[in-house]
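Chain naming follows the written order as A, B, C and D, and within any one chain the residues start at number 1.
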């Protein structure tokens, strides 16, 4: 049959299994989100509803892929952590990268109307994904610290930038005023000029979102019609520091 | 600043650029679509509306990624062909694989209501993707022939299978009757027992979908309010043989 | 100039850097050594002089590549362990694999006359090499345990096999008698039939060779002609257990 | 048995098979040969005997690996071309890279006394190797043209450089005089100042070495003691242009 004559082309598929014994981080990143945000008039510097939609999409991904240990998100990016011993799809990189991107994007589109009911989705949101391996707990924690430190740096900058722009500066002027300045200067600027205490801003903006599975009580109907309280693990969104040890001591199971 | 202390983790990202000078085929495949089809009561053996939704999603992908030369789809899978000289995202595998999966899935969800207006989307559709390199025109054509031969084999089998099931057989009985039989037997079965001439079935079912860019006339409003006919390239869906030379002679630009 | 016109072909070279933060094991293996051993009439089951030549070649490799932390050898294979933080040649796999294979082979040929002065080298010895990454100390130690356990298994078998052959059995008979037998049977066979206490055989045969750097005293001539005793690190060959903890406790710097 | 407990570490070995259907070029390069040449007082700019030793080593590699289609060498580097359909060691990159490096180096050491009988080998020569894939005949030819153009450029420069140095300039002065100059200037310099017609220099220096298999007559003793002339394929060294079409037309079988 004709098929066998062509089937040799399967040999051109290469093996892209990720090294065993390493943490797998899958990081998703919005493609062209500056334009996407403008098109949908997202609030600046942070649109709470859009951030909640990101978090909800991440939760959907974690419900679909039970292997995921935790996730961290900020702005238009999200990182998912698969454990060292994960065998999902034989650790094939393309499978993991494409399925997580597919699931996140599909959830983002499906959940949009719940989070932004007054704004019709006007363009296709796209997310790229990459897999990065971390051989030790230390390097994994440093990766997550890197993302959370980045959240802080970007948010402090953006808070200043948009405060200046809303006060009448042009984008170029605002950028010029902030370029090369340190955190202290920016904190002081917000406080003295705009009466803003940066540390009083919502933790969601300053620390990003951590998603871990936690026991959640829910009410279940029993066969005889009575309702019964049960517990199950649900991906829950926290906004807390993950750079210091405290979080990891409280959730020792994450690195176990 | 804290950031630089953690930034070393970026070194763990690996370079996954695909070999230059080769055709890149990105194949998407529905995850768990047997269940997804049942959940949405897709018609058997082929649901025209669901196939059109696949085609429309592929067209959306081709509008987003202008580099794509052609695409071929059947059932719940689609292959996209990027040219040898493609430099999109520096040919980074994860970028291409994740973005095409993201775009296809998002389009599938967004376009669903247009194609299946009476059926609410009841689950998140997921597509995985992989990249395969073909160094020569011959191997690329053999890849596409492999997929179209597969379309034919699967469709002939499925057409028989569902005819038997609709006539009262169980799934097990239908499967047992067909196992190991040749194409001639199946054609004869369809004709003698169900009055079906297999070759008269829609080409969409028998040959799958080929998407290529073709000049399409469209009417454009000019500045002074008059309408003017113009041409532009649009991804168009064909259902034709791509195994024989004829198609490639007619569309010599595809392999140029 | 003509050169630039062709220089684009450099783009086809791919990046093969090994993941940072992992132990790198480079394992060399003799190609076609069964034939090579016969050609040079190596003693069976173990040729001490040939094993010493392997060890000396490994020491030469360790002198050339100061990054190597330790090495383990048995029969016609040798494993070299590069530390997690190694940056030699940017951790490029092909560089490491080819240079270690090149250095080992060159040393084997150069040192041959010293170790086997009565036998001219009659064929080109070839060694292949591969790189394997181990993310944790545990997996690295298990790798080395695997090789040493393999040494034991092979040596016990070969000792029995050649005792039987030397006692008059054919190769086929000897093989048949041993097939599927356990260690106890083989130990008993050696003792009762050949008066051999397996555990009294040289450790070199039973445990293979471990090469680590140790402080070695050497005498150096000073400028004024006197000789002075100094210390330097030299790769030294040991034949000891590396499966149990004791070795690693004694040489805690190896995994540090 | 202990072995199985550790055998899981084999899973950490990754699949590094090279894409089918592409030409494989294995390029070897001497490590630290500037120093190696000085140590052995190689003649400058070209040491014929050392170049012949390189060629003889390449011929030994081609005798060992019958798959190799052709080779090109210059200075301390050599490229070996394996055909598109090559299945040697399942096209595993590390196997090919290490074995060719091993074979070349071993041959270089073994053949040294024949080519440089008056100079004892005073250091271990090392060669690294890398594999590069070329998907088309055009890119393969351009690769080889790149190397031959490089031979010419380097040789012209080196010929001038050493002529200047031998005439009394320091290395720095010679380098300064040549920096940024074109080929015409260098040709003129050689002719007017040193009476050297560059194009009359040996082709070996100007074009490097091409090794291809050619029918060679040899005399064989028959069973009854008579001698009989036979033909066999032997790797032969040529010094000719491989940039223009002529060579490839004469040896059409090389790209077939």
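As a convention for this text, a residue touches a chain if its C-beta (ideal position, glycine included) is under 8 Å from a C-beta of that chain, and two chains touch if they have at least 3 such contacts.
Chain identities (UniProt): A, B, C, D = tRNA(His) guanylyltransferase.
Just so it is clear, the structure is predicted and the values come from calculations on it, not from any experiment.
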item	value
Common touching chains of chain B and chain A	C, D
Centroid-based (C-alpha) most distant chain relative to chain C	B
Of C-D and A-D, whichever chain pair has more C-beta contact pairs	C-D
Rounded Å distance between chain A and chain D, as computed from the means of their C-alpha atoms	52
Gap in Å, rounded to a whole number, between the CA centres of chain D and chain B	47
Chain centre separation in whole Å, for chain D relative to chain C (CA means)	30
Shared-contact residues (touching 2 or more other chains) in chain D	12, 14, 19-21, 133-134, 139
Interfacial residue positions of chain D with respect to chain A in the complex	11-12, 14-15, 17, 19-21
Contact footprint of chain A on chain C as seen in their complex	19, 21-22, 84, 133-136, 139
Parts of chain A lying in touch with chain B, wherever the complex brings them together	1-3, 6-10, 12-14, 16, 28, 31, 60, 64, 93-95, 97-110, 121, 124-134, 139, 142-143, 145-146, 149-150, 152-153, 183, 243
